[in-house]
Structure formats: structure tokens, C-alpha cells
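Next come two complexes built around chain A: one with chain B, the other with chain C.
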Partner chain A sequence: MAEPQIVFDNVMKRFGDAVAVDRMQLEVAEGEFLAIMGSSGCGKTTTLRMLAGLETPTEGEIRLNGQRINELKPSERETPMVWQSLALFPFLNVIENVEYGLRMRGVEADERKRRARLWLERMEIAEFETRAIDQLSGGQKQRVALARALVTEPPVLLLDEPLSALDANLVVRMQGVLSRLQKELGITFVYVTHSQSEAFAMADRVVIMSKGRIEQVGTPREVYRQPASRFVAEFVGSNNILSGTVNNLQSGELVVDTGLGPVAAVRPDDRELTRGQAVELVLSADNLELSTTEPDSVNRVACKLVSEEFIGTVVTLLVESPGGVELRIQKQQRDIDQVSLEEDMPLWVSWSPSSVYVLPG
Partner chain B sequence: MNRPDVYASTWRLPVIVWQCLFFVGPLLFMIAVSFFLVKNYRMQEAFEMANWSRMMTRGYFWDAYWYTLGLAAASTVLATCLAFPAAYGLAFKVSESTRRWIIFLLIIPFFTSYLVRTFSWYVLLAESGVVNAILGKLGFGPYTMLNSAFGTLVGYMTLTLPLVVILQTLSLANVNRSLIEAAHNLGAGRMRTIFTVIVPSAKVGLIIGAVFCFILSFGDFVAPYYLGGSKPPTLPILIIDTTKSGQQWPRAAVVAVVMMVTLLTAAFTAITMAYRKRR
Partner chain C sequence: MSDRLIKWLLWCYLGLLLVFVFSPILTSVIFSFNSDRFPTIPLGSFTLKWYQTIFDDPDVWSAARTSIFVSLCTATLATFIGFCTAYTDYRYGFRFKGAYLALALLPPTIPLIIMALAMLAWLSKLGISGRAWSVVIAHTVLCAPFAMGIIRLRLQQIDPDLESAAWNLGASEWSAMKTIIVPFARPALISAFCLTMAVSFDEFAVAWFVAGLNKTIPVLILEVLQGTTDPQIYAIGTFVFLTSITLVIIAQVFFMTRGRKPTAPA
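Now for the complex of A and B:
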């Protein structure tokens, strides 16, 4: 079988003594929308810049379509990038910006104009053709940057936090634009972001990075429901993580002693567990049930309400168990409209054993 | 006027008074002098066009004018081209601390009098000077380098190059690095990036460097006098000669006013070009 389009083979990048990217193994298939996620300084941008040739790997090999590209100059690669700052040329107008890549490839003026116009139309900014860059809005600039990068019909598009400067409702609109564009073109998008919502909304697969290492690669759902490590569990979503020791092991079932008392879980079938072993459990905030009366569930704890935080349609509640363990619970606003919440009010928290996830490791 | 305005204007006042007393005043006086008359080696207040009509119709004036303009233009092009590779290296190829040191070193020439620096070229460029001695050993020359346009240009470079390099370096160092990366990313090699992205981005600084070079060269007396040998004369030399021969201060003032107008026009055009925004 042919090799995937992009391969990072044991790639290492050091800046002096600091390791920016540590022995990275990563494969990206043609036509995939891959998001690389992590907090700042995790090496995600360095990874993208190595792909564009703006940084050279210290060790290892990067292959594009089976060809080693480590030594290729940035100008010799077909890996255009959309910058966080957009990096549009302020001394050129809109269409001249879009034409730039074609001009550098020696495409004739008429043909250049024609192809640039097609892209301006496609990005719905044709009427701004002769505008100066500083006379465009944030969203319009975004579209110019995309047109400029895509006009040469590259096999791969690199995006470095392109939406971070936009305001919230525009971000959602541009996410739609990007997703649709990627599907229509069928080319590979490698998208670096620190925003979980952007990554999960658009990507086929997500790479979670921390301190130069890949923590997990998987679909958004996998990363969300089956985090590979405590770091991932803490990084994505709003998870409650409980430490405990395995108490009771039965076929298909597991009881773990935690700060909340014994917690019943479904026994993971992909690994060995022994009695007395220390494990960590993930209770997703959106998997916890809430009631004012004692529920009929194996896992239930009487807690009191500490605080509530309202963000749009979702409410995050913080409750405290008698043992002092704090739990985050996420509910749709309309689901708890009937209950009048007061501070310190007693609440029952319950969850099914199947919603408990045992962290590997 | 409310109180903060009075306070602020008080601080602005010294500069305004200084400029009026020692720049605008003398300038207006010089323009007035250009209409005065000289009788029996004495200047007399008058308002006559005689000096203007005389100078404007003299061939030697226009020869000097075009020669000076041409030399200053050549000096501007030469300094801009010579300075650019150096400034590019300083802006992009060295660390920030190295850049700081070299800019400091570039200021050192200004510690010595320009006259002294010009004279030291004598030792190097004379018929029996250091350069010809070395060339002679290699079997070339001797070449006449002093008392020529070449000599004058060497002088102009001595005067202007350090300043032009500094101005260019500062403007190149401020070019947004991600624009340069974007150019590479879109397929531009190093040279094309310089001409399509770096030069347009640093346009203002590059033009201001050139303007300074033009102004300094156009008005310089020392280089064309000592290294150019006064032949053919440039406008500053013409001014000196005119005042010496028959106390013709009014005619010298005419030359000076023409120089001022030329410089103002050149500087204004250049600055307008530098800041011209595309719509």
C-alpha cells in the first residue's frame, strides 16, 4: 500500500537546549482534515512550520508523497500556509495578494488575473478586488488569505490558528466556510489551534500535543470519550478525574474506591487490572445526572451546590461531596429550568457504570 | 484656550522661537538679499530683479546646476545601492546584539570632523598615494583619482554612507518577518522576496535614507572642493566664488535660493512618494 501523504518519521526539533518537538511519529492521509491541538509552547506551530519548510528538523525525516522534504526550501514546496496574523501584503491590493503565488510561478498576467478572480468569487469577495488590505474587515481579510493560499491549487493547506483574531460569531461562520471548502477541494488541511471547539467542529482527526510530544491521535469523539492520558482528559472538555484503587473485580464489572466512595464501572476489556491497583477514572461532566430526590442508581452521591456558571445554553454546576470532592456537571439550560437552584442546596448526583471511563496507564 | 493647552504650548515655545529666529528669519533675509544691489563693493537695500536675470541667463550657472544635480543624484543611487546589502545583512543575518554594536560603530565616523576624514582620502587617492602604490606593484596605473568626479563621489560616500546604512538597517529590521515567510511560502526565492516584499515594506525608510543622501551631497562644499578640485564647480563652490569676487552676496543668495527650492522640491516629492497609499 502506498505511504500516507504526509509522514513525520521520528522527527525531532531542538532550539538550543529546548526540545520543541520530540520524536514525532505522525501520518496524515490525503484529503484528511487534521487538527493539531495543544496549549501554547506545546510544539504544534513548530510542527506546522517544519511542514512548510520554515523550520528544519534537527533529526528524523518528513516525507510528502513518499519523498523526503527536509532539505527542500520553503519556496520549493507546495504547502501554502494561512498565518495567524494572515501576513497579507499591505502594499498590494486584494487581487495582487491573491495573484502573488501565481506570479512567483511565472503564470502570465491575464491567466493570473483570471484564476485569482475565480478564487475571489469562490470566497465571495469579488467586489473587493481592488481594495487595499487595510480597508477590509477581519472576515474579508481571512477570505483573501485563503484565496491567496489556495489559488495555486496545492495538495496541502496549512493553517496556523487562522481564526483566533476573529470575534465569536464570525469564527463559527468561518468554520463552516473552511469545512465546506476542504470537502469540496478534497485536499489535506493541517490545522493548528488551541481551541477545542474549532478542532472538534471541523477535524476528521485530532492530534493532542503537550511539551513537544503527541499525547493522543484520534477522532474528536475518541479523544473526548476515551482520552489516552490524564493530560488529554484534563485538556479536552470538562472532565472530572477521580483517583482510586481497584477494589472488586468481576467479569465485566469493576468497583473502584475513590474519594466519593465505591464507584462501579464497566471493566475495560483491553487491559489487565488487579485488585489494589491505583487507577484514574474519568467522569465526563455531561454524563452526570442531577436530581433533588435520591435516584435509583448504583453510583449516587449526595452533594451540595457550590456554584453555577451560565454560558449560553449550557450551565456548568459545581457541587461538593460530603468527602470534599468537587464535581463539575454540565446541563442544558432548559433541563434545569424547573429546578430553582440555591447555594448549599442538597443535590443527588448519579451516573451509570457504563459512562465511567478508566484511564489507561 | 483652556489651561492644558497653555501648558503644552509653553513647552513647545522654545523650539518655535529658535526655529523662527535662526532658521525662518535668516531664510527670509536671504531671499530679500537676493534682490539687493552691490555698488562700489557695498551692498544696498533694493528690490531689483537684476541678480536673478543675470544668474538665470548665465551658462556657467546652469552648467554648475546640472553638474551638481547629476553628481548628487549619482551619489544617491550609489549610496542606496552600496548601503542596501550591508543593511540587509545587518537587519536579517546577524543577531540583535551584533546589530546594535555595528550601528554603534557606524556612528563613530561622525565623531571625527568630516574635513579631517576628507583630507585623509588625499593620502590614499593621490597620484603617489597608497592606492596607486599598491596598484603599481600589481602593474597597473597610476590613475588620477583626485580632482575628478570620482574623487567628489568618494567624498560624498564618506559623508553619507554610514547614515544611509543606519537608516536602511532600521527600516529593514522593522519589516514584518511573517511577510517574508509568507513570500517564501508562496514560492518566492530570496531575490524575488527582496524585490517584491522587503523593498516595498521598507520603502519609507529606504526613501528617507536616499533623501538625506541627496540633501547632504547636493549642499556639500568639502568633497567637490578638496577631492573634486573645484572643476567643474558645483553650486556650493559657485556660492563661495561669487561672494569672493566683488562681494556679490546678492548673486550668491540667488544660487542659495535656487538650491533651497530644488531641495524642497526633491524632498517633498520623495516623501510624498514614500507615504503614498494605494487606494
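Now for the complex of A and C:
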């Protein structure tokens, strides 16, 4: 079997004493939409810059189509990038910006105009061909940056937080544009972001990084429902994490003593657990049920409402158990409307054993 | 009410300042058109004869030629060196960079007379004193820091991703410099060129020491002045003033440009 398109083989990057990327092992398949996610300083941008040749790995090897590319200059690679700052050339107009990559490859003037125009049309900005960059809106600039990067028809496109400067509506629209583009072109997108919604909305696989290390690689669903570590569980989504000790072990079932009392869970079949072992449980905020009367569920606890927060159609409630454990609950606005909420009112929180996830390790 | 008074006083202050600065120059312009041999009031009649005198004087022509040659060469060299220094500062971090920059900015802090003497001693040691080129060398040393200062300010405004973006799109380091850095810095380059040309065109002390027989205009003025009090001095002065002020204004205009205008659509 041929090697995947992009391989990071034990790649290490140090800046002085600081380790930016720590022994990275990562493979990206051709035509994949890969998102690299993490908070600032986690090494995600450094990873992208190493792929573009703007940083050289201190150790290890990066391979593109089986070829070591560590020593290739940025200009010798076919890995154009869409920059967080966009980095459009301010003294060139729209089409001159788009043409730039072709000009640097010595493509003749008529031909590069023709190809640049095709991309302007494709990005629906053909009418701005001769506009100056500073006469464009944020979304239009974004499209120019995409056209400029794609005009040479590269096998890989790198994107460094390209949507971070746009307002919320536009972000959603550009996500659509990017997803469609990636599918149509069938080329590999490596997308760096700190935004979970962007990564989950578009990516085939997500890489979660922290302090230079990869915490987890998986589909958005895997990362969301089966986080590989406490860090991922905290970073992704709004999860409640409970520490406890294993109390009762039966085939297929497991009871863990926690600050909320005993919690029943489905026993994970991929690892050994012993009685008395310390474990961490993840209760997804969107898996918790809410009612005003005592529900008929194994896992239930009476809580009092602390606060509620509206974000569009989603409401996040913060409740407190008698033992002082705070739980976050996420509900659709219309579901909440059916329960009339008042401050300090008693509420029953319940969840099914199958929705409890036992963190590995 | 008091706001208006303050505004009015400030305008007066500005006016007085301009009168103070420009009245000597204006006086020399006026006397350059005055028919009397001595600068006295009341004025004589209007005349162009002093301009006629300098126009017919081969010494003035030769000095003007030397001055133009020297200032053009100086401006070219100083702008080039200034750009290189500013670019190394923008692009690279290295040990002793502070010392490097301090050294690059040093020449204007040295008193001109000391500089001139040192230049004379050094250039004659090398056997190249007393030529127009000697003045070019000395003036370049003097002017390069000004060019660097102007260009450095401009390069500080550049988005640091621009050059990387150019490499990323397939530009070699050389093409990126040519197609991205230089066009971005162009207003500052023009500004630096004009300003260093003006400085070189006006400079007397260093030129007087190292020029030898290749007199520049400021040197010629002093020599004429030592011999006579002929109003042709005013005529030459007016000419020099107009040249310098034009260059300085051009420099200022380009210095103020943000340089964000698009090139004409092709």
C-alpha cells in the first residue's frame, strides 16, 4: 500500500529551549479535510508552517508523497497557504494578486490572466477584478485569498485560521464555500483553527493538540463522544467530568462512586477495570435530561438551578447537586420552554448509563 | 471665546515662526532681482543681470555640474545602502544587532568638521581625495543613515506575512524582494532619494575639505563671498534654495504616502 500523502514522522520543533511540536506522528490521506485544533501556543500553526517550509523541523522527517521535504524551500513546494492575516499584496489589485503564483512560475501573461479569471469567477468575485484590495469587504478578501492560493491547482491547501477575522454569519457561509470547494477539487485541506465549530463542521478528521503534542486524532464524532484524555474532554464541547472510584463491576455494567453519588455506566469492553480503581467519567452536557418531577432513571439527581445562558437556539444551564457538584446542561431553546424555570427551583437531572463515557487511562 | 483667542494666538505664533525662518531666504531672493550692487533699502530697480552674470560664468556652470553629479550619485548610493541596512534590520535577528544599527546610524552624530577632516585624511591616504568621487563617497557616508531611517519606518509597516506569502506562492527570495518588498517600500525609496540628494546638494563643510578643484555649489558660494559682495551670490542662493526645497517637498509628499494605491489596471 502506498504511503499516505502527508506524513509527519517523529517531527520535533524547538525554538531555543521551548518545544513547539513534540515528536509528532501524523498521517494525512490524499483528499482529506484535516483540522488541527488547539488553544494558542499548542503548536498547530508551527505544524502548518513546517508543512509550508516556513519552519524547518529540528528532528524527524516530513514526507509529501513519499518524498522527504524537510530541506525544500517554501518556493519549491506546492503547498499554498491561506493566511490568518490573509497577506494579500496591498499594492496589487485583485487579479494581480490571484495571478501572482502563476507569474512566479513563469506562466505567460495571457494564460495567467485567463486562469486567474476562471478562479475569480469560481469564487464569484469576477466583477472586482481591477479593484484595490482595501476596497473589498472581509468576505471578498477571503475569496481573493482562496483564489490566489488555488490558482496553481495545488495538491494540498493549507489554511491558518482563515475565518477568524470574519463575523459570525460570514463564517458559516465561508464554511459552506470551503467544504464545497474541497469536495469539488478533491485535494487535501489542512485547516488550523481554535474554533471547534469550524473544525467539526468541515473536517473529516480532527487533530487535537496541546503543548506541542497530539492528544487525539479522530473523526469529529469520535473526538466528541469518546475523548482520549481529560484534556480533550475539557477542550471539546461542554462536558461534565466527574472523578470517582469503581464500586460495582458486572458484565456489561459498572457503578462508579462520585460526588453525585453512585453513577451507573456501561462497562467499556476495550479495557480492564478493577474494583476501587480511580476513573474519570464524562457526562456530555447535551446528554443530560431535565425534569421537574422525579424521573424513572437509574442515574438521577435533584439539583437546584444556578444560572442559565442563552446562545442563539441553545441554552446552557448550570445546576448544583446537594453535594456541591456543578453540572452543565445544554438544551435546545424549545425544549427548555416546556419546563418553566425559576431561580432556586428544584430540578431533576437524569441520564442513561449508555451516555456515560469512561475516560481511558 | 477664549478658544478662538488661543487659536488666533497659535496662528500668530506659527506665522512669526515662518517669518523668522524664511525672511533671510526671502531677502536674498529679493536682492537677487535688485539692480543696486549693495543690499540696501530703498531698493533699486528690478533686474535679471545677476542671473545673467552667473549664467555666463563658466565657474558656476562647472560647480553646478559637479553638484548635480555628486548629489545624484550620493542619493543613489545612499538610498541603496540605506535600503540594504533597513532590510537586514527588518528581516533578520542576530547577535549585536543593536550595535550594528547604532553603527549604521552613527555618521550624522559626528561633528561635520571632524568628519570632514577624517574623510580628507583617509581619502588622501587612499589616494582618492580631491575628486568629485571623493565628495560622493563622503556624502554617501553622511546621507545613508537618513535613507535608512526613512526606509526602516516604511518596512516596519509591512505585514510580516507578506514576504512569506510570496515565497509560499513560489517566489524565490530574490523575486519576493523585487515584487513585494521593493514595491511596498517604493514611496520611502523615492523620499529617501530626494532627501539625501537635497542634503548632498546643500552640504558645504565636507565638500569644501575633500572636493579639491571640483567645487560644488556651496563651496563656490563661499569662495565668491570671500572675494566680493556681489548680488550674484543671492542669485546662486535662490537657485540652490529652489532646488533643495523642491527635493524636500517631493520627499515629504512620498514620505506621507501610505502607498496603498493600486497599480493601474492592465
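The definition used in the following text is that the second predicted complex is superposed on the first by the 361 of 361 C-alpha atoms of A that agree within 3 Å, B and C clash if a C-alpha of one lies under 4 Å from a C-alpha of the other, contacts with A are read in each partner's own complex, and residues count from 1 in each chain.
In this text, a contact is a pair of C-beta atoms (placed from the backbone, for glycine too) under 8 Å apart; a residue touches a chain by one contact, two chains touch by 3 or more.
Just so it is clear, the model here is predicted, and its values are computed rather than measured.
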item	value
Side-by-side fit of chain B and chain C on chain A, or clash	clash
Contacts of A:75 with chain B and chain C, given as first, second, both or neither	both
First, second, both or neither for A:162, with chain B first and chain C second	neither
Partner chain in contact with A:105 - chain B first, chain C second, else both or neither	both
First, second, both or neither for A:237, with chain B first and chain C second	neither
First (chain B), second (chain C), both or neither touched by A:152	both
Residues of chain A contacting chain B in one complex and chain C in the other	52-54, 73-75, 79-81, 83, 85, 87, 89-93, 100-101, 103-105, 130, 132, 148-149, 152
In the complex with chain A, residue positions of chain B that touch it	176, 178-179, 181-189, 192, 196-197, 200-201, 203, 277-279
Residue ranges of chain A in contact with chain C within the complex	52-54, 73-75, 79-81, 83-85, 87, 89-93, 96, 100-101, 103-105, 129-134, 148-149, 152
Complex contacts: residues of chain A adjacent to chain B	52-54, 73-75, 79-81, 83, 85, 87-93, 100-101, 103-105, 130, 132, 148-149, 152
Complex contact set, residues of chain C against chain A	159, 161-162, 164-173, 175, 179-180, 183-184, 259-263, 265-266
